[in-house]
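In what follows, structures are represented as structure tokens.
In the two assemblies presented below, subunit A is common to both, partnered first by subunit B and then by subunit C.
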Partner chain A sequence: MRRIIVAKTMEEAYKARRDSAGAVYLTGGTEVLRLGGRADAGSTIIDISSFLPADISLDRDKNLVIGAAATFQDVIDSPLTPEWLRKACRYMASLSLRMQATVGGNIASLRDDSYLIPTLLAAGARLKTYGNRGFMEGSLQDYVSNGGSRYAILSVTVDRDACVASRRIARSSSTHSALNIALGRGRGFFAALKGSGILQGIEAINACEPVDDLTGSAGYKRYIIGQCAGLLSQEVEE
Partner chain B sequence: MIEFVLNGRQVRFSGNPLTRLIDVLREDFGLTGTKEGCGEGECGACSVLRNGKLTTSCLIPVGAVCGDEIVTIEGLRETEQGKCLIDCFAEAGAVQCGFCIPGMVMAAQALLLCNSHPDEDDVRLAISGNICRCTGYDLIVDAIIMASEKGAGLW
Partner chain C sequence: MITFTLNGKRIETELDKDMRLRDALYALGCTSVRDSDDHEGFTGSDIIIFNGKPRSSNLTLLYKAEGAEIRTAESLRNGRDINWVQKAMIRAGVVQSAYNSPTVALLLTWLLENKPDAGREDVKEILSSVFIRDAGYEHFYLAVKLAQEMARYGEYRSAVSPSFRENLEYIGKPMDKVDGVSLVAGEKVYVEDKVEEGSCVLAILRSPYAMAYIKSIDTSEAEALEGVEAVITYLNCPDIYYMQAGQGEPEPSPYDRRLFNRKVRHVGDRVAGIVARDRKTADRAMELIRVEYEPLRPVLSVEDAMAVDAPLVHNGKVEYVSGAPDDLDEYNRNYDERDGKVIYQFPLHGDIRHNIAAGAHGGIGDVEKAFREADAVVEATYRTSQVQCTPLEPHVCWSKLENGRLVLHCSTQVPYHVRRIVAKVCQIPENKVHVIKERVGGGYGSKQDILVEDLCGYATWLTGKPVYFRNSRAEEFYANSTRHPMRLTVKMSGMKDGTITGIYMDVRANTGPYGNHCLTVPMNASSKTLPLFAVQNMYYDLNTYYSNIPPAGAYQGYGAPKGYFAIMSCMDELAHKLGVDPLEMALKNVVDEGYMLEILKGLGEGREGAVVPVGSCGVRQALLKGAEMINWGHREVSEDPDWAIGKGFAMIQQGSGLPGLDQSNAQCKLLPDGSIVLLSGGADIGTGLDTISAKIACELLKVDPSRVSVVSGDTDSCLFDTGAYASSGTYFSGNASLNAVRDLRSRMLAEAARQMGEDASGLDLESPGYVVSGKTGKKLSYQKLSHDALAGDGTGAIVGTGSFATSNSAIPYGAHFAQVAVNRRTGEIRVQKFYALQDAGTPINPELALCQMYGAAMKSIGHTLYEDMVLDKNGRCINANFTDYCVPMVAEAPEDFKAVLIDVNDQYGPFGAKSISEIATNGAAPAIANAIYDAVGARVRSWPITPEKILHELGKF
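On to the complex of A and B.
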């Protein structure tokens, strides 16, 4: 049965998701029904937009804390946002999409053409989530390694002073990317490679066998990985 | 039952709440001015205003707009603002095949609602989510700036 549950609290949302196989959370709404999105014909959608935090602030250690419901445009507009993160948000070329798409949603959808995940991984981002043990904190790296989770993302914390460089390669600014790759100083390379998923570390990227698809051939993808890796290394060294 | 305000009128939809808003607008309410281009939210042809903000209706499940106010090109064209925009698009020669124009007009309206005197950069940013495959962007930009000048006081 297809249905939408408009949750009023995180507890209510989590319970609904736990009890509904294939359920997904909805906030901005740009990923749920999109081609390659996670909602299937039997899904329940749980609207969590009414209570999810959307503010962008600094914590006691001067790290940037982004509410999961903050939109890409909110992040771009915030004076607290470092330029490397603003750049990643601008990879979403459409203003109207940027005003809808949320940071939490882009992470949770774990797409192989993710706009933000490589950059956030390269910055060592941490997540605050809500799950069966209540509120929890953990690294984005663990979240991705575990293939996401049924936990709701509440906020993302990043070090504003992180040194991160990134490149997104697509046939046009508005299409799915073939490659989105980022390098963080002291953290290494992270990539979203179309058809292959989220890859963490240069070993994983080198070991990956790219696939031919509409974004480019396997050979092309191998080529742009090499080129981008070289450019990013130079950029981070400088 | 999903209730929302559509072009100033309270409406109800009782079907599948995961139906895309664009499908409900076109098929259930007959508002075919809203076009489907890419079905991915990238081309902007399906743009409508949701609570005054530009939204791609091909991505939004209708269940998510419960209680919201939706304005489509049909609703906008009945207003003085809409008439001004449509006249200026015609006068500037901004319409070629016309498929993207409803979305472009909605994007222009969203811009003018928050900035009644936009410059060219503002306009280009505002329509950055709307793709014209006839590539007639310059004339569309001219039309929106013309509307902001001719329609001074409307926004």
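On to the complex of A and C.
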């Protein structure tokens, strides 16, 4: 049987997680509760959805602030959302999943076929998180570099006026992507490469040795990275 | 205690708060909320409306429902009345096997409640949440349009399909499917809904090895566990050899297995069956079974199987029921007892000492001479991958004992074969077995095989307990029937004027561990393709190899989709080599009505085939109309220079059942009040076969559909039928219903003549249910006719019986056209247009026929571009789930998708009907492959045609 803790505050949630080895945070459920997810029988689930922000708003500098519990569809439906971010949210093909999956959950999972992370990195996204030092703010880039998982994400902030282009390469709409790559003007390339992880910067992408897997061979991935990079450069220039 | 509102009613439940909401809702009676993917979050069968928004109930735990407002499809029904969206779905023909139809109805209702003027893109967004395998996606747009029309005008204004045969009232006209309401409402119509509380579960310990001997197995601890009723292994199962293909007896497949075998032959093969009081106990018992294996080097491909030093998948004793070769003793001199037996019912050209399960060889004319004298010859090898049927409802069975008999509730295409095989395994006569075919939540061929009923039935017979078994989705991938992977080499010769002079096909099929359909599936690669060509010189070599991949078996189309991929691609290659338009080549070499099909002589499923002339044939019309629709010969140019556009086509045929092998029977009864019950042996698997039977009765007996009920697929109530496979339903079961109704009609007239004191020849039937005298004008109602016949001085019940067996073929023909856009830089493929044109004779249910064409074409697009079971070097399937396996969703549907029925009247089918759906799996692969070549010059000769393969062909990396 699963142990369920419905936390009322971030502090309570963090303490529960610290005290329960292997415990997982739960918001939308599309990642944690799905087949092969981490919420198997016997696990401890800490539901943080009751206090996690889900609103989408602008801060004083007109940046877009997305509550971590906002769903993909919330982001798409918000009039504040720039089109490049809507596009990334639509990479999740299923409408019902988009209505359930949260932005924070997708980032926290750090998947190598992440729908959002490359685009958010390319937009210079910043995160508000909670961890062992309490509430913190920092870049998504650092969060990813540090492996992320020790922190709970509270919100994501992006520059609405960022110029971002992205491409998702997958055999079909609902399967894993071989490559999700984004380019932000002035920020460079970021990619989620299946089998390799999240890659930040063109040097990291070029240095990566792709692996053969269900989504394609290493040679194919290497080729497609080059092509997509070219197409994205063209798009951002235009 | 969790409290929430369910469909407007307050619910308080003590169910475990950590259980999945889907399971809780099902336990609370919401049977419309299904699970097709073991909470993968892919298929959408479990979607509910949760606090006003769609949500996966499988990805939600019950505690989350506290205080929530939940709607399921049960909310759409008011008493016996379903809502306007559900009615529109039935009218549009999309309610077929319907496992997730209630969910789709709920989603579309939610859409229209929130956006009454929803357009195509809105509907597409909704459909993005659900996987639909049976009807395709196209007519869901029509369903929404119909629902909007009903809401706006109080009537439907759009036509759902063309109508055929003006002189008939029901045949060839759209009519709501007879089981449509129960299916779309989410009634308890599937096997899982019948399972009684307290039933035991059956769990199966499966092999981790692709091939191994079981050196020892110790089940003592498992058997001692409280709650375990039995553990069945090769040591204690019946010593009965059989095979799991549901085919007519004697079968053209070897009996090469028992319930459990000492040698396991694929990852996932049965090692032990545990019957326990619940799943938890069964799982614990499974952990307590100790097995020691002797692993063997696996055989994973045709090439592996053909190798000189290939390990033998079957090296047991070979026996023949008839036609044993003279050297059989010598052949068996060194057999290995641990391998068991392989028993052929009659010779199939098998040679298990070379891993060959079956073979066939033959032809007409002189192909070598044709090749020598031709202006051009092409030879190419095409490969097809292993693909999964993926019915939304997995394989499932619930069995119990009742009055000393074994009763099985099944999701099957072949109830009578289930009865025979289960009786054989249990060593009891068939009268002791009662099979009830419930509604089938998707079959597509895989439920032609008796994959779970054999063991589930035996478990009940052994223990006396009711037993429930349901495959997990992963088990569906590695312990279920799949499409045979094949390697097909085609050599084709032609002249400069476009005449094809010779065709040679070398078909090498991989049947996996057991020989289900090992002859018939590969044979279809030739027997359903070569007869389409009016070519004088044709030859085929077919060999099917055993291996250690997951089992292969029947899948809609059998071997024909693979044969067509090879032969129509090769024809395209030959046309290009000769500088001839492929369409001109097709038109020049396709058969016409009356052409004598000499090639069929050797293609008779293990016996001599009948040489017959081509009957009704709409292929030429389909080719010409399709070419016009797609503007054949005109080069489309994309505005984006990275994208190139190309066109391709395939001409196709299939069959309508197996003339000379199949038989169907039906009974039609006049009830005391003059209404009708038709008992059909046919198995309606969602395709509308029961509706065909009902329409036939309505048409001939001149009664309203409300006065006719159809009972089918119950082996106690109904007469024998070989089953729903090989496109037999309409032709065989339909003709049996027709003959039963005719018989009833003549008996009604005879009884009426007696009661009216007139000659039967002067009487006729008249709507709405009268016998009328042409001479006197007197009328006798069916009610009085039946009542008096059943009275104390009457002559007895009026019952008609019909049987159908034939040597005549009713072959459906067609042509599929594709227009694709291919990105030269990324290899991405978009199917811009797909036009499926088919001659189904008289389409009895035209709207259902169109949906079956859409559904089958989507399956075909799936195996062409996306689907592929991938095995590691040890034979383990590494993508045994929907996301990794890659089925096509609505986003993959062609942008412009049309199904067109070519009007041809057949001389043998009921009211001129032929089969419809299987043939529609044949066209996509060659049409799309040829279109890709036309677009970018890349000739990809293997399924699935991925961007990577295109780029590779283009030399990009």
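Going forward, the second predicted complex is superposed on the first by the 224 of 238 C-alpha atoms of A that agree within 3 Å, B and C clash if a C-alpha of one lies under 4 Å from a C-alpha of the other, contacts with A are read in each partner's own complex, and residues count from 1 in each chain.
Convention: contacts are C-beta pairs under 8 Å (C-beta built on N, C-alpha and C of every residue); 3 or more make two chains touch, one makes a residue touch a chain.
Bear in mind that the values here come from a model prediction, so they are computed numbers and not experimental data.
Undergrad: For A:217 in the superposed arrangement: first (subunit B), second (subunit C), both or neither?
TA: A:217 contacts subunit C only, not subunit B.
Undergrad: Which one hits more subunit A residues, subunit B or subunit C?
TA: C
Undergrad: Let me test your reading of the model: by the given contact rule, A:169 touches which partner, first (subunit B), second (subunit C), both or neither?
TA: A:169 contacts subunit C only, not subunit B.
Undergrad: With the two complexes superposed on chain A, say which partner A:231 touches: subunit B (first), subunit C (second), both, or neither.
TA: Once the two structures are laid over each other on A, A:231 reaches subunit C alone.
Undergrad: If we overlay the two complexes on their shared chain A, which of subunit B and subunit C does A:99 touch? Say first, second, both or neither.
TA: both
Undergrad: Identify the partner contact of A:58: answer first if only subunit B is touched, second if only subunit C is, both if each is, neither if none is.
TA: A:58: touches no partner chain.
Undergrad: Based on the superposed arrangement, let me know which partner A:30 touches: subunit B (first), subunit C (second), both, or neither?
TA: both
Undergrad: Enumerate the residues of subunit A that count as touching subunit B in its complex and touching subunit C in the other.
TA: The overlap between the subunit B and subunit C interfaces on subunit A comprises residues 2-4, 6, 29-30, 33-35, 45, 47, 93-97, 99-100, 174-175.
Undergrad: How about subunit A: which of its residues touch subunit C in the complex?
TA: Those in contact with subunit C are residues 1-4, 6, 28-30, 33-36, 45, 47, 93-97, 99-100, 169, 171-176, 214, 216-217, 219-220, 222-224, 227-228, 230-231.
Undergrad: Mind pulling up the subunit A residues that touch subunit B in the complex?
TA: Listed in rising order, the residues of subunit A that touch subunit B are 2-4, 6, 26, 29-30, 32-35, 39, 43, 45, 47, 49, 93-100, 174-175.
Undergrad: Which of the residues in subunit B come into contact with subunit A in the complex?
TA: Those residues of subunit B that touch subunit A are 16-18, 20, 39-44, 47, 53-56, 58-61, 63-64, 66, 107, 110, 125-126, 128-131.
Undergrad: Please name which positions on subunit C make contact with subunit A in the complex.
TA: 16-18, 20, 37-42, 44, 47, 53-56, 58-61, 63-64, 107, 125-126, 128-129, 473, 825-826, 828, 865-866, 870, 878-879, 881-884, 886-889, 891-892, 944, 946-948, 951-952, 956-957
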